[in-house]
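Report on the structure given below.
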């Protein structure tokens, strides 16, 4: 019977399709596992009780799971200082970075002036500098200014590192705001600055937020510059503290894991939430450390 | 608990005040340069600012001779600046210049000046034994090209040579970028072919990218531990025996970790590109009889190139410049040199071996290499065009 | 309330001169429409008056005051933009009151003036909305309202209706006409749509290629176009042009070309004989079925007939060129037929072929 034959063909076809879908999902699940597993392991280690921190146990929720490592992070290390230091340095850096970037981006977006193309190329060119090349002279400058182990020294060292990206992303956003809005404001009675402060900046809140977030994550996660400028454990940012915790003894793994998780969760939440915008800005500006 | 808060408040005020003063100073110069009182007020104001700043920095008391020299110096500088504003900065370009000034000043002081300083360092001799004298007097002996020669003749660290580092850097960059792009493509194509759970998969897949790099690298490093790392546990379980990853194969370990770190970014970029390709091209191609592979080669690849080219350019530069992974994996005391690439050796030479001038010369050579490569690459791929758009 | 004077205005963008020595006088309370094809420089002229573009040469005055050097805020003007340019982060009321608040008006005064303008435009219910929540026509009203509350000396409209659909455009056109009557202020209005120009203006300035081609009342511009550009630009459907020779015979003027030999009204003489273009509006052509016969009748062939309801457009071939006649729907001609055309002498315009200028 042809009807039965065609039904069989269709059934086979459907089965093949289902198999294909299952394979794709299987591959994706495997990939996700590879991506997430180290994070889950940190969670597992952080929950291990003191006598079983070092073990070949692979279970995600270890036997006798406990929060003791978290308590020890706060009690036995300067973790709160580190967090606080990171927060202060990062917020100050981001504010300075966004303030400098917004006016510069506006100039690039709205005016024609000699050297404009060159300026944009220079911004892009700073991304080509070998990492570490600027750390040495910055370190020496900060040492001579007697700013070692200070917030100010860190902010100075960080403040322009994300500037090129911030300028690119803000310029991209300003470009999308119709000029007629500023013209209307001019006719309504503002100065050119007034048009910028009253119209363009309030309208750019999303882009300003993204630039701020980018500055924030860059400075928050930075390690190499901090290593050189901060030598006092009370002045450490959390990246330095964490590295030292992990480096010393295996017995501190539990604390290392707990501290890692504490700093990772909020940063990741913000990052996942903003990744879409960050990405557009990034391919636009071409920065990520 | 109160002390740090006060300290921070003070610090915040200092930062805000400095930025406000700078902006105010600039604003004055840009907006008032046509007025007759522009020069005298500018000179007096700037002198007052500088002297107040000097007094604050010195803790309240400044010697009269310092006041005199500082005051005259400032006054002369300010007159020059004022004349510059009056006669050069005017007309329709004054506004953009003013808007750019703060950022340009920052970039100049913290990028351009350090670069110049780096060149100065490379031709002089600053090392652990001369740094104390230098920080007192500011004088350094001139040594010409000595450090540049030494880069090629002696090891930047203790054993590995410049040429080994160069080769390893090229290999490191190539392998990493290759796997980033290949892995990114696989991930993106897989993601693009499903409809259910797509958002969830995407979110989980970018976890390595979203984690703070320090945490991600250190966590992965733990998994390579010879006894307690996941990988060796599995190897032992399956009877293959433990591998001394960190001790004997540090470069391989770093490469694996960096591939793991870098795939998500490429995957997301490529996915974005894939989603921007209209369904209609594939419909037309499949009616024309193109196989899946032919569709990938004839439609996907060419249409994704504008997205891929800049991402690959950036990925290459980032990988070339990646100190983080190698330093965090091998950088602790007594670490191996077998995984070092140019930039990580550069960092270690300066801050683990304290060879400042040497590493400055080293940095300039690396910079020239990267710069030449970038120029050639950008010319060849026209990647710069799509970076601008 | 004020007059506006453009005196010998030239505008260059780099080396590209877009306005050449333009002079124009606009009287107080006049509704002047600047009309022309896109890129002709009409918007640039308006933006220079607003202070949004620098003037390369020449003087601009509002009333007696020279304004070249003044920023827009000191010119006492208000402007309605093509894309409305409503501030997206402010409500309608805030949008309308923005200019007044900048000038330092008290809150009550701002509110009462915003309310008054809103009631004129019937947008009171919209005052607390944001521009995003408004339709195109409503945004248009708000943009106009924002201009009204300022009580400026001169209103500037830059293609305000071009983003609206046909029906709304007609509605708003009438609104603007009413507004001009109510406010009795000088209005300068830029458009590329000659229908808007004809219906709204007290005077029209036709602009092309950086020069003013003609200034006059709608009747003048339509009835006595100064040159072929104006003749072709104003009026819809557009004027037909036939090239030929002008000859003086027996004390009268005749227009001749292949298959055409008709008398035309001449002035008192002095018109140059020679190559001439005859322009005739579609409404001034009477079409008779059958061939040519009699003096002044032009032979033509019917190509296509379009029924528009109460009228018909007859596409013809005359002296080797295409022509269009607009006739009553009762016309029974079929494609392919021979026809005879009579031109209404009052609807015939003659232009010098070399310069395109009107022959008087």
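By written order: A, B and C. Residues from 1 in each chain.
Everything that follows uses one rule, which is that a contact is a pair of C-beta atoms (placed from the backbone, for glycine too) under 8 Å apart; a residue touches a chain by one contact, two chains touch by 3 or more.
The structure presented is a predicted model; accordingly, all values stated were derived computationally and were not measured.
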{"item": "Minimum number of chain-to-chain touching steps separating chain B from chain C", "value": "2"}
{"item": "Interface with the most contact pairs, given as the two chains involved", "value": "A-B"}
{"item": "Chain B and chain C: spacing of chain centres that average the CA atoms, whole Å", "value": "58"}
{"item": "Chain centre separation in whole Å, for chain C relative to chain A (CA means)", "value": "56"}
{"item": "Rounded Å distance, chain A centre to chain B centre (Cα mean)", "value": "14"}
{"item": "Chain B-facing residues of chain A, complex", "value": "21, 24-25, 27-28, 31-32, 34-39, 41-42, 45, 54-56, 58, 81, 84, 88, 92, 95-96, 99-101, 103-104, 106-108, 110-111, 113-114, 119-120, 122, 124, 126-141, 143-144, 151-152, 155-157, 159-160, 163, 167, 192, 220-221, 223-224, 227-228, 239, 242-243, 246-247, 250, 253, 256, 260, 263-264, 267-268, 271-272, 275, 279, 283-284, 286, 288-289"}
{"item": "Residues of chain C defined as touching chain A within the complex", "value": "47, 50-52, 71-73, 77-79, 81-83, 85-89, 98-99, 102-103, 146, 150"}
{"item": "Touching residues (chain side chain A, partner chain C) in the complex", "value": "178, 180-181, 183-191, 194, 199, 202-203"}
{"item": "Residues of chain B defined as touching chain A within the complex", "value": "4, 8, 11-12, 14-15, 19, 93, 95-97, 99-100, 102-104, 106-107, 110-111, 113-115, 117-118, 121, 126, 135, 138, 187, 190-191, 193-194, 196-197, 201, 203-216, 218-223, 227-228, 230, 233, 260, 264-265, 268-269, 272, 307, 310-311, 313-314, 317-318, 320-324, 327-328, 332, 342-344, 346-347, 350-351, 356, 359-360, 363, 366-367, 370-371, 374, 384, 387-388"}
